[in-house]
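One structure coming up, written as structure tokens, with questions to follow.
Read from first to last, the chains carry the letters A, B, C, D and E; within each, the first residue is number 1.
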Amino acid sequence: MNPIAIGVFIVIALLTLGSGIMVVTVRNIIHSALWLIASFIGVAALYLLMEAEFLAVVQILVYAGAVSILVLFAIMLTRQVTGEGVRVVFERWWVALLIALGLFGVIVPTLWQHGSTWEEASKLAQVGPAPVEGTAAAGLQVATATEIGRSFMGEYLLPFEVISILLLMALIGAIVIAYEERTRRRRVLTLAEELALKKRGIVEPRDAEGAVVALDSEQA
Amino acid sequence: MLKTEELQINIGPQHPSTHGVFRMLVTVDGETLVDLKPVFGYLHRNHEQLGEVNTYLQNMPFTDRLDYFNSMVNNHAYARAVETLAGVEVPERAQYIRVIMDELSRILNHATAMGFMLGDMGAWQTALLWGMREREKILDMFEYVSGARMMCNYCRFGGVVRDIDDWFITELKKLMQGLPHYFDDFEGLLLNSEILLARARNIGVLPKELALAYSVTGPVLRGSGVAYDIRKAEPYAVYDRFKFKVPVGTVGDVYDRFLVRIAEMRESYKILEQAIEQLPDATGGFINPKVKQQSLKAPAGEAYARVESPKGELGFYLVSDGSGSAYRYKVRAPSFINLSSLADMCKGYSIADVVVILGSIDIVMGEVDR
Amino acid sequence: MTLSHLATEDVFVVERNDADFRAGQGMTKGLGIVFRKFRKALFGKPNSDRADTEGQFNVQYPEERLVLPEAYRNMPILLYDDATGHELCTSCFQCERICPPQVIHITQAKDPATGKPVPAAANFVLEYDTCMSCGYCAEVCPFDAIKMDHDFELSTGNHPELDVNYDRLLRPISYYEAIAPTMWSDVKEQAMKKLQNNIKRRPGAIGRDHGQKVKGGAAVAVAATPVAGAAPAAAAKPRGPVAAIGKNMPEEKVAKLISIRAANAAKRGGGDAGAAPVAEAAPIVETVVDTPAASAAPSGPVAAIGQNMSEDKRAKLEAIRAAKRAQRGE
Amino acid sequence: MADALTQLGFASWLSVLIASIIKVTLILVGGSVGMMFLTWYERRAISYMQDRRGPNRVGPQGLLQPISEAIKTMTKEDATPREADRIVHFLAPVVMLGATVLSFAVIPWGRMFPVDLNAAVLFVIATGGLHSIGMMMAGWGSNNKFALLGGMRGVAQLISYEIPQVMAIIPVVLMTGSMSLQKIVEAQNDFGGLGWFVFSPVGLLGFALFFTASLAEGERTPFDIPEADSEIIAGYMTEYSGMKFAVFYLSNYMSNLAVCFITATLYLGGGNGPGVDALGGFAGGLLSLIYFLLKSFALFFIMVLIRATVPRLRVDQLMGFAWKFLLPLVLVNILSASFWVALLRWDQQWPQLTEWFGAPSTADATNWGRLAIAVVLTLLINAGAVALIMRLTNRNVQKHLYTTDEELALGLS
Amino acid sequence: MVGSVPLVWVLTLAAGLFCIGLFGALSRRNIVGMLMGIELMLNSVNINLVAFWRYLQPTGTAGLVFAIFTIAVAAAEVAVGLAMVIAIYRARLTINADEIDTLKG
């Protein structure tokens, strides 16, 4: 029962929950994205507290580093043309609140009933392997990155390969969906290219103020 | 249909890389440049009206302020214009002195111009500061002989203000020993560097026909492949006595102009060597004594004299009505005309290239706005 | 169509490096050159000779100074003869007429008795702020009365001070002789001859007893001559002019300055004969480098105080100088 | 440190607290003093390269110049644009500096490791990734067209160079078998302290790629697009002045310092050198710190040399360089690293090799036969890959010169 | 921390985060807001996994490996989701969920 751990846990819990609440309640979408990053870092701190170092670093690298940038880019690219005036939440947002609170009300009591059984189980689990005579009493060997790596290559090889294919599909899918074909618009010709065309007699159709008139196929 | 709308960006007039007070209104579509509208006139000082009010001699110091990098060349061009108008002949030694000063000015101009362009490319002013050192040495020479580093006011009608003495010759020879090392360092520093090649090759291409159509002159024209140099086309002031070559590019892009300017510096070095050997002794006089400088009256008529300034063909057109000051005084400034080709030359390239292309044309706003 | 009418052997095509990019060899060559420059600048000797292109080349301005060549022209000054105290200017208005920015304003002096104009100037105002120091006034002056000065530290707080009037323009001939010996020696005889017959045509009252000139002139005249004497041994080509002594400097300061000059001159007497303005800078640069500890002479010549600096500016400069000297533990 | 304090009678948790506070202050002070030294060091080095004297007025040889600059920026007015998003504008430099300082938690100073995560290498890259958030906030918060453009470009550059940077570290992790920096430094300790990774072909290519990628991460020339002053005035830092600009400047140079430290640790055997083990104890630690700082400042000198010589890459060339040149080379390097590990450490999987060359090399006895094969094989793979990719990507494209008729008809090109 | 903080507290924290994420996903009109809500829910699931791993079976790696898989899937999901958002924005010029209702009768 060391007070520091409890204190730190409570601080991190408040940080994560607080930024979570801010994510859903703040009006400005950019601010809610920044609060999302704060909650990611809170969760990473929680992992560190639970000595899952590798996971904490992966969380910072993947979520706080990349996903948040993706979200920010998406927000900036789809800047609301009509401005923030529009309502942030649906009219009947309180229904969602009710559902969420109801769910919370259901989960927490069941958790607390099983609390005691989990306590003994976790105490049992904390006892390290039986001390071999020669060596000192080896403490509890918490799984680190090396064990994770071995289990990836050993026990969980199939899911590992499936995940890599899934990521590849997501990669290609995202590009195909988001790619805006540039073919439909005229590329700006440099001086030398225009001269090369003129020499071959291909004169670009230009309207009054000299802008290149797009070919009729692009009028759509 | 959502079309990324074109962005209007304003580069200048207080922009770190516009070589003086010059604004470019650039419309950009994504990264490529669609249209560029140059806006200048911020440095207009009413130079040509002043020329009509001042007497011929009084106007000489104002010509220093045109292309403030090469005041010697400006003075020389103005002096030649008045000499042709008034029919004054210039002694041999003065012509040699003028040629020496012009070639020294060409070297310092190209050294700093290339330095500024590389600075715009992001090369953090190393080449510029080496160039500045050579420029400092040359400016000390100008200061010794004319009295001021940049505003030399050195030429008079029929000669120069002060003769060059043996101290000047010895120091000039010492300077000449250092220059080849500087040229080699400069070429070795960047000429084959991959990133410069990537940033300079095939950027801002000005084909030969269009270069002539835009009537650009100087290194920009020679970079596009037209071998036209006034020192060869219409040899003035003893230039016909020197053996030197005219460097010419092939494609006409930023890289070619860069190479042409470096080659021109080497050619100026050759001219300087020959000029020092053939320099006549002081008996011939450094100025035509018969000319009354401050009260020179030119017969009615007109004259146009042009000089190969480092930036291009610098010409002075004078119409005189017989009085002591010019009736019409017009300066054909090379930077002004070279700048007119910038707008079309930059189309299709990115913003980063616009700044480099502007650097490669090497303009000075003093000359453009007059 | 090629416009070039030049003989083909006069034109050479610049060879372009159109090859593909190589593996960074070009860049490494550049890096090597910059490293060589770095090594030379860090460990090599400072760059003093005009021929070499390596080593440090900048001059630390306030402490070290480049000596200005004789023909250097900044703002014009008027000369008066040390001995007789007469100004050379006869207000012939030539300089006023030629001056491109029209900054010179002269009023002719009148003979108080008869009221007729006299070849001397009553007041001579020159707007230092508009003057572009083109040197025309010095060229056209038939009496060599107006010459170009070498003092460029003229920045001042209040603008009206830049309309310099007559007494602040006057300098003794010895001062100009110190800063431009050969240029003065060329025109010395005819200038003095013209001055003599001008003095004859000036009535006794005018020109001779210009109050502040005589008083100031005499004292400075005395101090000025030793300076000329102490000028370093003139080699074949007179060494570049040494920075001049301020006109209205306090007495003890002038004396100290002369002693410093004498010490430098003695030390430099044996130095290299090749007198060259820039080379001249080399010894100064060297003196700065090697003398702080050694000889009593303060490191580098003390800068001359601008003639028409306002009082508080001069006081502030003195304070800084004193602090510097104290900090250098003199 | 913590147990030393417990002997002094503090409660155990209090001593841990105090120890960590002392460590944190030491790191922060070391980091910021290091940053100041770097600014002075860079300006002096570049000025000597340009034959002029750098700052030499403030303090002896100008050493107090960074401090005077800090005071100057603090006294400058700290303006925030009117319609700017005030909070985001204020938080951007905080996030940038926070990300940089976070990575110092793991970086060793010679032999002294502040904290030893067993995923330390990944932690450093993760905190490097946080930079882009700060940059994005700066770009968005300043409500200025140029700042937004600079911010977007900066983030795109950071992300596209983060991947080669991470991949360039994988060979080092493969060769040491662990991600903790302590083990990586120990693995480079054989051959009398000179067994640095940079001397093995895999390590050499990894070093070159990692250093180039970290040039881009630290926005050094030739990759300093985000604040390319000749184009968009100061990139995402346009609307910042006074103290906030000083914080950006501090975080910029501290991340350069961090990058130099990490490169020295990963590839140049941070803190290892002849004679460090012989001394041992405190003196050994000090000597390792000196070696470590020498290596890092030599690396920084290379950064300064490159900055003084090479012009800036355009945005598209910069992205092309990352994706088309660095990434393939990095992948090939991982391949050759796996060969290296297979040859040197495996014996059951490769009985043939054990027969010919004997047991794999253990910590003390290195098996020279296997080492020779490994070196030759990896050298071949790496050199071949570099040559091939060089020829593939570096063709001198005659773009912007001619347009074929079909190209125009399709409107493609 | 294992000794002093009971497992139930961590699970309640995860449940709380999950409900906040659920509320965010259901109530936000802006699709990107919804995606953020979903991210929060995925994070809370991860907390559960790590908590169970740490408290009940610290030597095994099931919890950690599963958590890493969920992170990978979540990243892929965000990438594709935002690609769709951009495509919708380009087509409809709006990303408010209730305005994109062309399928409605």
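By definition in this document, a residue touches a chain if its C-beta (ideal position, glycine included) is under 8 Å from a C-beta of that chain, and two chains touch if they have at least 3 such contacts.
Bear in mind that the values here come from a model prediction, so they are computed numbers and not experimental data.
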item	value
Number of steps on the shortest touching-chain route linking chain A and chain E	1
Most distant chain from chain D, judged by the mean position of its C-alpha atoms	C
Pair with more cross-chain C-beta pairs in contact, given A-B and B-C	B-C
Chain whose average C-alpha position is farthest from chain A's own	C
Innermost chain, taking as reference the mean of every protein Cα atom displayed	D
Centre-of-Cα separation between chain D and chain A, whole angstrom	25
Chain centre separation (chain C, chain D; CA means) in Å	53
Distance from the mean Cα position of chain E to that of chain D, given in whole angstrom	32
Inter-centroid spacing, chain C versus chain A (mean Cα positions, whole Å)	71
Shared interface positions of chain E, touching two or more other chains	89-90, 93
For chain C, residues contacting two or more additional chains	18, 21-22, 27, 30, 34, 37, 47, 54, 57
Interface hub residues of chain A, defined as touching at least two other chains	2-3, 54, 58, 66, 73, 185, 187, 189-190, 192-193
Contact set on chain B toward chain A in their complex	1, 3, 29, 32-34, 205-207, 209-210, 344-345, 347-349
Complex contact set, residues of chain D against chain C	45, 48-53, 305-306, 308-310, 386-387, 390-391, 394-396
Of chain C, residues touching chain D in the complex	18-23, 27, 30-31, 34-35, 37-38, 41-42, 47, 54-58, 60
Residue ranges of chain D touching chain A (in the complex, touch as defined)	13, 16-17, 85, 87-88, 91, 117-119, 122-123, 125-127, 129-130, 132-133, 136-137, 140, 152, 155, 159, 162, 178-179, 400-403, 405, 408, 410-413
Residue ranges of chain C in contact with chain B within the complex	2-6, 9-14, 16-18, 21-22, 24-27, 29-30, 33-34, 37, 47, 49-54, 57, 66, 68-69, 71-73, 97-98, 100, 132-136, 139-140, 148, 237, 276-278
